[in-house]
Each structure stands twice: as structure tokens, then as C-alpha cells.
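What follows is a short report on a single structure.
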Amino acid sequence: MTVIPRSLPRLPRLLIGPAVLLLYLFPSVFPAPPCVAASPPAPLKIGVLAPLSGPYAAGGTSFVQAATLAVEQANAEGGVFGQRVTIVVGDTQGRVDVAKAEALRLVSREKVSALVGAYLSEETVGVMEVAAAHRTVLLVPVAATAEITDLVRREYARYRYVFRVGYSLPQWAEMVAAFLSNRKVRRYAFVGAGIRWNLELGETLERIVAPLGIAPVYSAYYSPGNPAFETVAVAAAAASPDIVILADPGRNSVSFLKRLRESAPALPALSIGGALGDARLASSVPLSAPVYVQAAAWRGVSPAATAYVERYEQRYGAPPVGYSDTLPYDAVTVLVAAWRKAGSAESAAVVSALERGAFSGVAGTYRFDAAHQANWGAGPGALHGTFVLWERGGARIVFPPP
Amino acid sequence: MGPSYSGNAAAPGSSSPLPDPVASPLPQVLLDGLFAGGTYALMAAGMALILGVVKVINLSHGAFFTLGAYVAYALAERGVESPIAAAPIAAVIAFAFGVFFGKSFVNPVRRHPFALPVGTLAIALLFEQAAQMVWGPHPLSIEAGAPWIGPGGLVIRRWGVIAFLSSAALLGGLKWVLSARPGLPLHLIAEDEEIAGSLGMDVEAIRYLTFGGACAMAAAAGALLSPSGAVTPTMGRAPLLLSLVVVIVAGMDSVAAIFLLSIGLGIFGNACAWLLSPQWSYVALLAAVCLLLSARPAGIVVLAGRRD
Amino acid sequence: MSTLLSAEGITKSFGATQVLSGIALSVAPGEPVGLFGPNGSGKTTLVNILSGLLLPDAGTVRFDGKEITRLPLDARYRLGIARTFQIPHPYPALSVREAVRVALAADAGKRKEGGGTREDEEGPTEDLLARTGLFNQRFVPCAQLSQGCLRRLEFARALACRPRLLILDEIFSALSAADEGDLMALLRAANRDEGTAFLLVSHNPPLLKSLCRRILVLKEGRIVRERPVG
Amino acid sequence: MRSAAPFSGGWPAAGIGLLLLFPLSSPDAFFLDVFTTGFLLAAFAASWDVVGGVSGQITLGHALPFGAAAYACALLTSFAGWPLPLAVAAAVLLAAAVGAGIGAISAPLDGPFVALLTLALGEIAHEAAVGNTFFSGPGGYAWGGEGGIPVTLPWRDASPFSSYYAALAFLCLGSFGMLRFSRSGAGLILRAVAGSPITAQASGVPIARFKRLAFTVGAAFAGAAGAGFVLHVGRATANDLSLELSFQAATFAAVGGRGTIVGPVVAALVLHLLFQGLSLPPSARVLLYALTLLVTLRFFPGGVVGTARDLASRLGGKEGARPPRRRGRKRPGEGTP
């Protein structure tokens, strides 16, 4: 870089040289705008948004793995209107600004026909704004915050493209309540990370089980920064509940369960989806008392579920955990079915197809209510998820009875 | 594997054998606090060595802790169950990495007290991402082994004892090394590099060997503690903060202060979780740190007074 | 006012060792006073207490009749008490000119709150640099100055606030003849022309005799003799 | 730091001109969004440099004023219903007050103790934000916690061009203001305090007051960046108070060059655009980011712009002897010896 001689007039001379150079460079960085597609019809793209780096990479990776499997399944069945379906992945890194930027990339540059994502609540609400602004269908498999469906209800015209495939917090509590009453539990302890999602789930569950004569004897929310597992485990054991409900889908659930088994070997535990659905983790926890895991679906719930689990295990070497992989799988399956039903990938048609249709997925048949929330819950005809019990050989479905 | 629960799906509320209720769980909470303090001390041992001799706040210490845990997991998968066997192997691997980074980065950038910690942060990022690529982001877990039951139903956690004893051993060893004959070079470099250099000591070599040694200590700690929780790429971040607190507040001058402060913080954290609420135990710890820092007279007057 | 600076009953101990026990001294306005004592007699500790760097265990320090025992170093500078350090700590990243401007800015802050602005400082800075013979090195980073120039910079910094009392801690030790000559001339000029009193700490009796009118002798933390110079 | 050598005067102007022309090459909305976030993070990195670079107080809690302003904007517009400009002004004032508070607590400390204290204060704020559900929104569910709080904006979907130019204008104004501050009398005194606190104090500088001033000014600019960020993203989340954000600002300053203000801005822009803009696969992105940090810090430990500036001043002739270019300098008066 030669030092620019000082005698020349300053600003214009300086500006022209590098400006021309970089402008010439930059356009070559982005692909030229796609010219008219003369070649065979370009594949239908689904944008998948999930955290693939940072603390939430575990959930995000199984999210993308399941979506890949679902697309391969759709292509095996001949694709959609004769076109192949592919996914384009955006790493949201667990941050709302990155999630919005990646959503923008998938929609404006990759020209995806629909979005599936994201993983955390704050990421998803950010992506909703992008989907609404660009009128792109967005299927939300995992984020459970009520804010998503509330926005659809209050501003239907803008947010009607958003559908939630996963269960909302009240539905989650409803399913857990059904399981507790089935197990004839009277007193339970509720423990989890001190985040809003857990606080709301705990309050909703307490409200729903009260009329059933079930009450929490201990509830504690530890801070993710310094989770004092031992103290919480000791306190939970001291309250001698019938069961400890562990509302932490992340890695802390394993650590906490180990502490609980050290403090109260005979105390049963229920993990609400996530890490403890992984066979490798469950095998490292003493089974001196039942370890129940709640999942969207499990091997044996339906022939489709069994086929999915076997294909997943054969493809990725370990069976799905039943939460951050099964729900995205169903989201992509529902989307492809909606495309086929609507006869086109155009958003308005797909929205009306999703609003009226019933779509079969691994966890059962999905129908969407006025707030575009899938029909999870304990009622008849609802998607009720599965509760399994870990045993030496593997997991056995215990509720609802097959 | 513990005794498998062969009972049928009887109502869990039925009278299953619970240990006789301890009068009040406070002694158990304090004992667990002791063990938690042991884990902070285990991490702090390596950090103190680096801060004292290499004079760098090593933010990659947590990543080497994670490396040790993954080595223990890999060995457990191949049949070497006990973490105590895994610790030395993890230490050797970490020592090699530590020496490499010590020689290629820490030494050349030593003159810049700000670029160094940021560089160690980049090393931590490197390790976390490499661990995620090799073992995947999913949490992994090693069989923890049943705890011992002490007097009055007191649960003595296996990994807690390991953490407490090995941290006492490591810190004791560090104290002996620094004060006795073989540790003289370390001590001199800690005091004044120029003098040590002028006495013909190869300061450069001692520096990166010490860095490697501290990384080995972190990896050994990671291996020893791996059964206590889940093994994930970002598991090293939480203990790093608390050990950093201990090392800087206790200072390098007394190894015993580091051990006692770690135990104190561990017990204080658990007591807060028990008396206040677990949600705010981390905030209570951090508030304690703020008070400790502002109470510690590290102002200008003291420094200048000593210098003249 | 008969005394500019007065100190009574100054005692200070570090841990077990009693460094100063019951020091009393006074400096009249414009009076050149010397402080002589072997190494370890507590000279530097006394200077640190008088300049506000250290708090005494007991005793009071007054300036212009007002008590300033607990007043910090920077406040005393703004009052007109400037000190130099035996071991200077130069700014690593600032030039000589900028170092002097810092002192002027803080001093200007005394007259009108809000710190000196750039323009009105240009004259005094150049003038001060010229008087202390640092004009040619004004853009040299302080860290690269010779020992002699560092002492001149100490002087410039102290003179920046047109002090009424200068506390000089071994300012002349280990200097070249030229530097020593210049600085002695500068000190005499400040004392004669601007009436600046000074307390010169030194272990060089001839130097003290030639500059001071009265010499205090400090031994084991006490003032043992006071010799007026004829 | 030596005042601007002729070499570095030209480059920022060229850079800004370039960024002004860039949108004319019609990039897609994603790239404009990445640039906009880049400008805001660059302003944040520069505000870190006011505290960590100019006044030499290494802070690891600089996300605190940033997040405080973000949350203030969100709470004031969504909960208290304030108009946006008023909320932003109040947010910046709050951030400055937070900075003054941190400055007051950390003034007596120095070195690693300041870093640790600010880190602890930042983590406390982050825990409070994650664990707290502030209030219930119109839908009856609670806002706050890790989900964050939305900001009620007067516009629905801002056009990428308007947010790009707004952020660029903010960056230019902010950096110009911070450069002016770092080269003002107060900036000079702060660099003196950073260099040798004892000599500064012996020159009559009330160092606690000036250290607090550095924190207040840095926090005010950080707050402005935080408010800008929350206007662009539309939501204040606990990540705005996270340790990663504080470390990111410190990293950009280390790579760019502490104390140069321009250095952290350039480093923030280049690193952010390279690693968010090129949409590399995640593991490759993180590995490349870490390796770039290691290599640049290994060969430019004083920071890229810092080293470039020193190199240029050595190249541009014997700087020592020539006074720097200064507009309208009076001839030095006849100093009477």
C-alpha cells in the first residue's frame, strides 16, 4: 500500500481509486440475480432456521437432521408437483438479531418458498416479523411461547402465515397433568432453569392440576449461571413428593437427575422432553427409580413413528430424543402435505390449506385452530404426545396406553 | 448400573424405601457446598499458576477443563471406566496442547497484557468448536457411581470427594513446588522476570512449560469431574468465571487463601440457594464478589506507598 | 500569615516499625528550607504525608492556616502545593508537550471549572517548556527521555500550577553538572521571582547550604537539629 | 496516542465514502441488514474503547449500559407508552447514569479488579433480565425473561436502505464524537491517568472523577448503540446484557487497536461482515473467527490500526521533530527564559 502522495487534492482522488476497486469486487461476491430459469424447474426450497453454534447447538443440530430426513422422505415419495424439495439452513446462534438476518437471507437471497424454525422463543418472534413482511409461510416446531399464537390472533392479517406445529405451554401442562393423574400422583416437585418458559409452565401446570387434587410440594428454579443442583435435589427430596418434574430440556437435566439419584435414589422423575430422551444419556443415570420422559412421539406409537425412528437411527447412529427432532420432522411433513393439498407453494393457498386441512405426521394428525396452534392436549382427537419409561433394554411407552 | 427398578408401574406414591429423613438437610447442603468449593479450587489451582508465573488471565482454562472431560468420556466408552485413570492421560494431552499454544502464542504476545487474554479466549472458542465437531453438540454422560452414605444419612457424593481431595493435593503440590528447591525458578519468574533471566534461567521455556502444566491441571480437573454432570462443548464456561474470581480476589501470594476462598464461595453459594432461593444464588455470589473487590484496598495509595 | 505550611505531631508506622514519631516543622511563605537525613530516616514517608500521598497515623498538617491532613494529592496541587518524585513515573504514551498540558489543564481547571481548552494553553505550555529547557524534546514520548530530562519534566509539571510551596524529593541526585546547574538556577528563579517556598529533600549538604536558608536534620523519625544557614 | 498523522486522515474519509456508495450496487436485504448490525456493533466497540482504550480501564461489563438502554427503550415504549424519541433519549441518559454508577464503584480499583468487578456487575444484570418476568402484555402472558420485551415502533417494516443509512450516520456521528472526546483536553487527561495514575494525580488531576467521566461517556455512546440496536431488531432480549457481547467489544478493540477509536470500528466492521455476511457453515465460521483472532493478535498484538498508525508515522518522516498539522496554530510566543 504506497502512501498516497500528499500534494494531490485530497478527498476525490482518494475516493475514486478504492471505491471503483471494491464496487467491482463486491457485485462478484453476490451471485448475479437469477436469470430466467430455462433449465428444469428449480427445486422447491424450505428455509430451516436453528441454532447450530453456541450453547443451543445440540437442539439445533437434531432440528436440522430431522428436517433433512423429512425432505428426503418427501423426495422419495416423488417430491412436490414433480419438483425436488431441498432445505437451506440458517444458523441462528441462539440470538434474535442473527435469526432475523438469516431469515432475511433465506427469504430475500435464497428465495425459499417457506420457513421452518426457529428454536428459541425470542428467535422465533424475530423470524415472524421477517416472514410476515415477506408473506412467507413459517412453521414453528419448537418455540412454545404464547406470544406467537397471540400475535396471530390479534393481528391476523399480518401474521396469518405463521403456524405452530409444536405444543404451546398450556397444552404442554395439560398433557403432563393427564400423565400425573394417570400415575395417581398427589404431590409433585417442579424444578427447572430459572427462565420465563419454565416459570410459565410451572404456573400453568399448578393451575390445571389443582382441581384434580394434585399439588406441588416444592418448586425451584435454579440459575443457569450457577445451578446449585445439589441444594435443589436435597430440598426436593426433603419435601418427599411422589414424583419430581424436571422442566429443563437442556444438558442440565442430566446433571440434576444424577444429583437427585444421589440424594433420593427411590424418587421417580419425569423429564419434559429434550436431552433425557437420548438413550446414551439415560443409560448413564441409575434406574433405582422410574425415569419417565415426555416426548412428541416415540417408536411404536404408530407405524409411521417406528419407520421414522428406524430411519433416523440408521442415518445418524442414535434414535431421536423425541422433542427437538421429531417436531421439526413433523413440521416439514405437514408443510409438504400442505403444498400437495394446495397444489402450489404460493403462500396464500398454503395458508388456507393449512387452516382447513388435517395433516398426518409422526405424532398423529395435525389440525390448526384459529390462532394457528396445532391441536395438542389431552382431549379426544388431540395430539397427546407420549410418556416413556426408561428400562435396562430401552424405553417403554407407559402413557397414553397403546 | 444401580439396582434396576424392577417393580411394576405401581403408583410411585406407594411406600418405596426412602432413606430415613435427615433431621434438617442443612448439613447436607453445607457438605455439598464444601464439594462445590472443591471444584472451584481444582480449577483455580491451574489459573493461579498461570496468573502468577506467566502473568496472564487464561480464559481458555475452561476449554481445557472441557477437553479433559471429553478424554474421560472417550476412555469410558472404550472400557476405562474410572475418571482417576483418565485424569493423567487427559493431563498429558492437554500439556501438549498447552505447550504448543504457550510457545506459538502466549510467549510472543507476552508484552501486550490486553491482547493475551483475548487470545486465550480465541483458543477457548477453537477448542469448543473442535469438540463439537468431533463429539457432536449433544450432551454426553458418564456413569457417576453410587455415593457413600455417611453418618445420619448424609450423602457423600463420590465426585465431590474426588474434587475436594484432588484440589487439596494440587494446591498443596503447587505450594510445595513454589516454595521448595525445584520451584525456585517459578518463584523467581513470578517475582521478577529480568532477575530470573539474568540468572541464566531459560525464562521462555519455563513460561510455556508452566502454561502447559496449568492446562494439564485443568484437563485433569475436567476428567475427574466429568461423571458429576453432562459433558458438552460449552461446559467449561460456568466454572471458569468462579475460579477466575477466586484467583484474582485471593491473589497469587497465598495458595491457602485460594483454597479457603474457593471452599467459602462454594458453601456460601449453596447456603444462599438453600436459604434464599436457587434462582438468586449466582447473583448472591456475584454480589459477594463485588463487595470483596471494593473492600480490597487495591487503590493508588497502597501501590505508590510500597513503591517509594 | 507567618507560616505557610505547618505540621505537628506527625507519626507513622508501617506494621511494627515506627518510621516517624512526633515530627513538627513549619515553612514560611517564600522560605527555602532543606531536609537532610541519612537513608531510611523517613524522609520520603514525611514527604508523602506532606504532599497527600499517605495519611499519617496521628498529627495534623496545615497550609495557609487551613487543615489539609486528609486532603488528597491532586487537591493539594490545586491549592498550590506541588511535589516531585524521587523515581519519576513518566506517561508511556504521551509526549513531553502533552504531559505538561495535562498539568496545565488540571491547574486551569482550578481557576475555571471545566478544564483548560486547547487554545489558551498554547502560550504557557511553550513558555514552561522553554524555561525548563525541554522545548526541543517537546514531541518526544516521555518514556524515551533521559534521566536528566525526566527530572526537568518533573520540574515543569510542578511549576505548571505556579505553586506557593514546592516539595522536592531528591530532585538533584545523580544528575550531570549541566542539568544540576540549570535546575538549581530554575529553583532559585522560582524562589526569588515568584516567591515560591520549597522543602528540598537531599543527602548532599553543600547543595542544601547553597540553596536553603534553614536546614532540618531528620534522624530515626525525629527532627534532631535545625541549622539556619548564615 | 500521537495526534492524527497525515496518513490516517485520508483513510476514514475514503471508508465512509465507500460505505455511502455501497447500497448503489443493489445488494440484497440480507447484506444491508448485516451491514446495519455491523455499524451498530462498531459504534458499541468504539464506545468500549473510550473506557478500555482511552482511559485504560479494561471493562468486561460493557454490555450493561448497552442492554440497559435496550431494555429502557422496550419498557418505555411498550409498557409506559412513551413516544420513541423520548424513550431513546431517556434510555441514553439511563445508560450514562449506569456508566457513572459503574465508574464510581470501580474508580478506586485498577487492573484486573476493574475487569472482574464490571464482569460481575454485567452478569448480575444479565441474571436479573433472564430470571425476571416484568409484566403481562396485552395477550395476558408475561413479557421479559429470556424471551425479551418487544419495542413498540412507529414503523412496521423499516426499509433495509433507511436502516442502513441511519445506522451508518449514527456510526459516523458517534465515532466523530468519540474521536473528538479522545483528542480533547479530557481525553488527554484520561490517557495520562491510564499511562501513570500517580503522575496524573501529582499533576492535580482528580483521577476518580475523570475515570468516572470515561465510564459515563463510554456508557452514553454504548447506550445509544443499544437503543439503535433494539430499534433495528425490534426486541430487547437478555442477550443484550450477555457476557459474550462484552467480550465481543473487547475483542474488536484488541484486534483494532486500543485507544485509537477508529481501530475498534474498523475491526468490528471487518470481523462482523466477514463472519456474519459470508454465511459460512457454522463450524467453519467459528473456527475461522477464532483463527483470525489468534493470527491478528499474534502478529499485531497492539491492534491492526494501532500498528498501522505507528508504521505510517515512522514512514512519514521523523514525526518527532515536526509538530503535527494543526489548523490555525498561533506562533509560539517569545518564551522568557
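Order of writing sets the chain letters: A, B, C and D. Residues in each chain are counted from 1.
Throughout what follows, a contact is a pair of C-beta atoms (placed from the backbone, for glycine too) under 8 Å apart; a residue touches a chain by one contact, two chains touch by 3 or more.
Treat the numbers as computed from the prediction; the structure is a model and nothing was measured.
Within the contact network of the assembly, the step distance from chain A to chain C comes to 2. When chain centres are taken as C-alpha averages, the shortest distance to the whole-protein C-alpha average belongs to D. Separating the centre of chain A from that of chain B, both taken as means of CA atoms, is a distance of 34 Å.
Inter-chain spacing, taken between the CA centroids of chain C and chain D, is 40 Å. Annotation: 49 Å between the Cα-based centres of chain B and chain C. Within chain D, residues 123, 127, 131, 198, 201, 207, 283, 286 each touch two or more of the remaining chains. Residue positions of chain B touching 2 or more other chains: 129, 132, 241, 279-280, 282-283, 304. Of all residues in chain A, those touching 2 or more other chains are 53, 57, 194, 221, 223, 225, listed in ascending order.
For chain A in complex with chain D, the touching residues are 3-4, 6, 10-11, 14-15, 18-19, 22-23, 26-27, 30, 52-53, 57, 90-91, 93-98, 100-102, 104-105, 108-109, 120-122, 125-126, 129, 133, 145-147, 150-151, 153-154, 158, 194-197, 199-200, 221, 223-225.
Chain A makes touch with chain B in their complex at residues 53-55, 57-58, 60-62, 183-187, 194, 220-223, 225-232, 234-235, 237-238, 240, 242-243, 250-252, 254-255, 258-259, 261-268, 275, 278, 280-281, 283-290, 318, 389, 391-392, 398.
Against chain D, in their complex, chain B makes its touches with residues 57, 104-105, 108-109, 111-112, 114-115, 118-119, 121-123, 125-126, 128-130, 132-133, 241, 244-245, 248-249, 279-280, 282-283, 286-287, 289-290, 293-294, 296-300, 303-304. Those residues of chain D that touch chain A in the shared complex are 6-7, 10, 13-14, 17-18, 21-22, 24-25, 27-31, 33-34, 37, 123, 126-127, 130-131, 133, 137-148, 150, 156-157, 229, 232-235, 237, 239, 276, 279, 281-283, 285-286, 312, 315-316.
Residues of chain C that touch chain D in their complex: 51, 53, 72-75, 77-78, 82-85, 88-95, 98-99, 101-103, 105-107, 109-110, 115-119, 121-123, 126-127, 129-131, 135, 139-140, 157, 160-161.
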